[in-house]
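Lettered A, B, C and D in written order, each chain numbered from 1.
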Amino acid sequence: MHSADLINLLPYLLPATGGLVILILSIWPKRVSTRFLSTTALTFLLLGATATLLWQVPGAVGSLLVIDEISRIFTLFFMLGAAAIMLLSFGYAPIRNELHEEYLSLILFATSGMALLVSSNNLVSAFVGLEMLAVPLYALIAWQPTRYGAIEGGIKYAVLASFAAAFFLYGVALAYASGGTLDLAELNTIASSASLLPVAITLILIGIGFKVALAPFHMWAPDIYQAAPSPITALFASLSKAATLVFLIRLLCLQLPLIWEALLPLLWGIALISMIVGNLLALHQQNLKRLLAYSSVAHLGYILVALSAGNSAGRDAAIYYAVTLAIMNLGVFAVIVAFTRRDQDRENLTDYRGLGRRYPVLGIGMGICLLALAGLPPTAGFMAKLFAFGAAIEAGNVILAIVAVINTALAFFYYLRVIGVLFSEEETAVGTSLTAQGPLMVIIIAMILVIGLGIFPQWLLGLLEPP
Amino acid sequence: MNQWLWLIPGTPLLGSLVIALLGGLLRREHIAVLACLAAAAAFLVVLLAWLAGAASQPLQQTLYTWVAVGDWRPMFGFMLDRLALVMVSIVSGVGLLVHLYSVSFMAEETDQRRYYFFLNLFLAGMLLLVLADNLLLLYLGWELVGLCSYALIGFWYRDPVCSNAGRKAFIVTRIGDTALALGIFLLFSQFHELSLSALLTDAAAQWEKGSALATVATLLILGGAVGKSAQLPLQVWLPDAMAGPSPVSALMHAATMVTAGVYLIARTHPLFELAPQTQWLVAAIGALTIVYGASAALAQIDFKKVLAYSTISQIGYMFLALGCGAYALALFHLTTHAFFKALLFLSAGAVIQASRDEHDINKLGKIGHHPPLARWTFLAGAASLAGVPVVTAGFYSKDAILATAWSAPAGPLLWTFAAFGALLTAIYIFRVYLIVFHGAAPQTSTLSLPYPMSVPLLILALLSIISGFIELPEGWPGPHLWSPWFEEELGLATFPSLTITYMLQLIAALLPFIGMGLACVLIRRERANQPLPLANFLRCGWNFDAFYQATLARPYYALARGLRGIVETLLIEGALTRITCGLLAFATFCRKGVEYNVLEVSISRLVATLRFAYTLLGTTQNGVLSRYALVISTGAVFFLGYWLW
Amino acid sequence: MYWLSVLIFLPVLGALWIGVIGRNKTDFTRWAALAVTSTELLIALGLWWNAAPNAEGYYYLMRVPWIPAMGIQFLLGMDGISLLLVLLTALLGPVAVLVSWHAIKQNWSAFAALLLATQTGIMGVFLSLDLVLFYVFWELMLVPMYFLIGLWGHERRLYAAYKFFLFTLTGSLLMLIAILGLYFIHGEQTGIYTFDYFELLQINLPGKTELWLMLGFFVAFAVKIPLFPIHSWLPDAHTEAPTAGSIFLAGLLLKTGAYGLLRFCLPLFPEASLDFAPIGMTLGVIGILYGALLALVQEDMKRLIAYSSISHLGFVVFGIYAWNQEGLNGAVLLMLAHGVTTGAMFAMIGMLQERSGTRLLTQLGGLLSPLPRLASLLLLFTLSAMSMPGLANFIGEFLVLAGVFQISAGFAFAGALGIITGVVYLLWMYQRAMLGEITVQRLWTDLNRRETVLLGALALAVLWLGLYPAPFLDNLQIPVTALIEAKNAVPTGSINALR
Amino acid sequence: MIPLSHSLAIAALLFVLGLAVVLLRRELLFILIGLEVMLNGVALTATAAGQYWGNADGQVLVIMLMTVTAAEVAVALILVWLAFDHYRAARVEALTQLREETERRTS
């Protein structure tokens, strides 16, 4: 192992080390203050973020990990995103007093897993990354088990995620059986001859589809979104989804283009079902978090519209969409966190009545993020949809594009409903006075990014451009 | 003089603008004076135009390019030829007199600002109409006078009768206007030109006589003229329009605005000459309207409505002349009619005002103290209207029309109608005169009129008597100034041979006297208090005695009633009401049926479907873990099945 | 020319300024909003003053690369049509601010910010010549308008706001598909992937594809105009919107649809549009008569004017699809006239509502004597709306009908019927509101100075448009000629594919 | 030498068996056992394939699999225990607090 490899490994090692350090601190005889712990955790995350900048691109760590611009951007994004999740957690009243060391370290481990996942060039490392991401989440969902549905959510996610992981693993095993290797680059060389490989990748697709909540593997999402503490829901909705998605893109578009082509009809179908099911279920939803879960299903459908185009435009669109979706969701959940009551989330939309008028910055931030989710120009959400639908049309998938467009119009209905509630005249009792600075910071940054990336999408696209 | 032409419509327009913008700062009396000054200024400019030789050489002025579309650039321009000169003189002259008259007549009104604003605006619009050198500008004036008519008929807007009458007038004339607009479109699409001189030259050059396009175009123009001039079948608005103040009726609904149709046809006569069928139709409409109006006037009890029907009937004479190709004679009758009809309205207004706004002629007759001046001037006007030979202007103009009608196609028939109308005219006007001024009460009043009212009455009375002398009948020695002067522009009328002409003139000269006699008989029977056989006529207020019933023949009575009852009430009013009701019902149906039931329902159907789909999908999400796993597995099976299949 | 971008971004910067520091400072906000909109108007007038066309008839062009990877540019251009509509937009800005002066009771800063943001969107629509940019502004103007209706509207405001948003959005998303289709087809043909309007004008499309793409655009514009079966958002939106919102909706938003037809539908797809012209004209005439008919049976004045807008915009579509000198000139002029007239009518209805508390004709009456100024100005605008010669709408409608007459006398006749019905419902409205006996006795106050100045300015505009429209029409010379050339360039054999 | 296809078939059978257990049983513990059976099917596939291809990747996969699964199941078991502790229930039907409540929301 060269020293360069060590530098390359730093972003993966640092969060994991951070997690261990915090765990060690927790068995420290003297009581360590939460402030110190959180500072430590944030420091490790920021160090990890800095470490990605040291990467020599393109690079690789053995044959397990590949280091390119995509992995750099996303790793950086995950580190900062995890920091944002921590900030949200500090401002989240229901669990503020339960922020033990384990909570922070679990987030750090999950971050490490996400970083691993986006750079994996090998199915085993991908599996490890996936599980490093998933297992901490089981615990985080059920954090503070006395909350409504916390345990149930944890169990559901644990069982179903393991179930999906079994499919994923079976796919991995079959891929190995058909090709004799777990290295994606090598698998690509035998892709044309290995007859079992498409089946194997389909099984992997099922596993990933579960993680990103594509219909018909989406049913856990609303329950878990509702059950998890809002910062963790934000982690689900933005970071975890983006990580898994990027792996899917790497798997299909970058490494196994032949399989991608074979899978296009399947992707087409999933895209269609996801959009329709997601939007229909969100349409009359009264629970905001569930609504966002379903809307995420629909968004993943739009991303698959881009992927099912099967061209480079589709790939770029999907990557752009993944980033922007994560940012927008982060922004929305930051507001949900900020608006939370002392002991529990505001569940029903009616609980949000008039809050936007009372807290204009939060209200406008949420409004912008929601409109971005709906796909209104000049936000990033619009550009993402433009690229995605453009790719579909370029590939000739006009019907899919039209269905997507109609779904977009449908989606406006429920996003507008939320905004309407937020700015309606009658107010619900406010509950807590909002003093948390963390969520405010996150929402402002998200707002700036959403509009900035919408007006200047080439910031991101330019970075992804292969040299 | 050319560059001052704009002052003719410009001064009243300026007056109306000043009244509208600064009227709040002025006292009531000053507003009236200001309006009069504006009208006087317009009249003065017209006089100057006469002096400047407009009578021999047409004047022209172009203000600016109004519209610029491609290579079509109609100008905002005026043309003052002889036809326009006569019209301008009448409009500004009678307009000035009516303004003067209004100073006293309307002195008690509170809302003088509105009155004079619209009166001045009307003057501007009417002058614009006759001065316009292109059809677009003419149409502007055409609509502007319609608007002022609407506003002034509904001057006492608190009374729904008035505002309804105004609206009715506006809408009915607008129907005609739309026909005119379509005619303009047709001409425009054919010649790509709306300037009158160019248009008429082009039409004469490109269209053959009797061509279908010419017929259609003239029919459409005729539609506009019929609407504005209250001819059959669009005459229904004029009697109702009497709800407005009397000076307004005198100016707009007798002297000027209603003759705009006559002016329009005279102005576009080269087109009509290309379409003989339309031209004959013009004559026929005129002849029918003469009898219609005169017979309907016979049955009226409202003082002003008698005059309104009389106006309808008299404009029929002008149409008849137009239809016979005697444009100059139509214009001649237009001129004399403007004088004597304005006179009749103004004196009637004075009488009505003196009797506290009483319109019923019988009651007026019983009141009996009418201003003597009004009585004598009314008599002068009535004589002129009836066409008392030699001494009145009406005789000369009407006689010429009767004579020229004989030589038209189906001339004797037209002549019979016109002559019969003349007889009826004499009957109804003298009947009214006798009832009102020789009623039960003796005329003892010495009520004198203020100068602003008496001076216009005297001037108009004078004109009603003498204005005919400029053109003595065909075959008579003496001045023949009118027709030859117009020959260049409007051509000459044709007359039958001299013997027939003399015969016709003799009959025409006798008719007023016969009518007068019949009226006397009529009144005597009435005085004898002969009971009326038909009660419903009484209810309707048709005050006819038994003598009338017996001698002047039931058929006429029936015809008059029929004309009023069937044609007007049933056919036209009825059809209008039907159409209006039908449209309203259809619109309501659209609102209920299409807007709510179809569009709204289809939207709510869609929403309901979406909600149903939501519920359906939502129920699958029952929270049971195994169900979730099952769905995942089913999905997996389908995906793998894709490969097997 | 960077002035174009100033025109677009000045209102939105003003909106930010007001939104950030204007909270709870109502008086300051009002004057600031007035200052921003007036500056905008001055800039627009200045641009008009200095306008000098280039070869294609564009007075100003501004081209900055935006997303080079996709061939998206920040491409603004102003030709005669844009200029006139920009002038209208700039004119209605101060009007909207002034009518809201006391009518908006709460949250003036937010209201002003949204109003200004709407203006930005509309300006952008009229100026952008890059299709993506156009789409961005096209959607952008919806959002503030949605909030204007949804937050400051009347009783059923949320329903109306949803309906407005969803109708227009669905249409415009289909347009997005068409834009993308155009982009890729052009890219495949020439190898240049760009949304540049001028480049796309050169495209040569196969017949069926052209028709479908044209329909994609048409649906978006038809919803905005709105044409007959998809108009049902308009009465609701108009009725529920606050006065300023109605002014922007009727005065400007509807025009964007017609502008879109002129700018994109006809020149980009001349063949398909020519095939489509009879259908377009039929839709126009249905709109004319249907709107007029329904206006007759409305009790709510705003709703009545809303339906009359449908009728008038039917004339605009009529003129556009007549596709000749008179029709196109008339359509654009009528857009201006309708914007001014209807804007003024809505303003007056707003003032009436402030005074009487109702917009229902059944509850009004006899207001001529207590409110002479208001009544006489309302008469002026009513007359303009019924296309009285000498007032704004007349020349436009005249030209449209003259243009249509050259295509088909039957259509022109049907359109002329629309004018008659227009007289009927407008006079009926005026009579019920202003004439007759006063139904409500209260302390009536006539127009104050602010309102008089505002309406006086609009009245001047109405008279100007009616009496001297030549300076406006002169601007249309080049663009209209270009449109007609596009029509003439269509190979003759291809017509009648659809008929 | 057993052909690869045979061992793959056995492994698939094992996987489906586990799947059936997960789908059919309603006790949380049985479901977890079913999951383990599925994973064993995967492990068998990997081992057989590793032997067929003669490289170590298969074994690596299996080892990783066992480790990760152990961690996974550990957490899952804790959660099941917590559920039992709180609700006195270990069947899936008891855990339906989180669900779509469509019938209630009709407005």
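One rule holds for everything that comes next: contacts are C-beta pairs under 8 Å (C-beta built on N, C-alpha and C of every residue); 3 or more make two chains touch, one makes a residue touch a chain.
This structure is a prediction, so every number in the text was calculated from the model and none was measured.
Colleague: Going by CA means, which chain is nearest the middle of everything shown?
Modeller: Smallest offset from the overall C-alpha mean is found for C.
Colleague: Between chain A and chain B, what distance separates the C-alpha centroids? Give it in angstrom.
Modeller: 79
Colleague: When the centre of a chain is set as the mean of its C-alpha atoms, what distance in Å lies between chain C and chain D?
Modeller: Whole-Å distance between the two chain centres: 62.
Colleague: Compute the distance, rounded to whole Å, between the mean C-alpha positions of chain A and chain C.
Modeller: 43
Colleague: Once you find the CA centre of chain A and the CA centre of chain D, what distance in Å lies between them?
Modeller: Inter-chain centre distance comes to 24 Å.
Colleague: Residues of chain C that touch two or more other chains: which are they?
Modeller: none
Colleague: Mind pulling the residue numbers of chain D that touch at least two other chains?
Modeller: Those would be 22, 31, 95-100.
Colleague: By the touch rule stated above, which residues of chain B touch at least two different other chains?
Modeller: Residues 614, 618, 621, 623, 625, 629 of chain B each touch two or more of the other chains.
Colleague: By the document's touch rule, what are all the touching chain pairs in this structure?
Modeller: Every touching chain pair, ordered by label, is A-B, A-C, A-D, B-C, B-D.
Colleague: What part of chain D is in contact with chain B in the complex they form?
Modeller: That would be residues 19, 22-24, 26, 31, 92-93, 95-103 of chain D.
Colleague: Okay, in this complex, where on chain B does chain A touch?
Modeller: 610-611, 613-614, 617-618, 620-621, 623, 625, 627-629, 631-632, 634-636, 639-640, 642-643
Colleague: Under the definition above, what is the set of chain C residues touching chain A in their complex?
Modeller: 23, 67-70, 107, 132, 135-137, 139-140, 142-143, 146-147, 150-151, 158, 161-162, 165-166, 169-170, 173-174, 176-177, 180-181, 183-184
Colleague: Residue numbers of chain A touching chain B in their complex, please.
Modeller: Contacts found on chain A: 155-156, 159-160, 163-164, 167, 198-199, 202-203, 205-206, 209-210, 216-217, 219-220, 222-223, 265-266, 277, 280-281, 283-284, 410.
Colleague: So in the complex, which bits of chain D are touching chain A?
Modeller: Listed in rising order, the residues are 4, 8, 11, 15, 18, 22, 28, 31-32, 35, 38-39, 41-43, 45-46, 48-50, 52-53, 55, 57-58, 60-61, 64-65, 68-69, 71-73, 75-76, 79-80, 82-83, 86-87, 95-100, 105.
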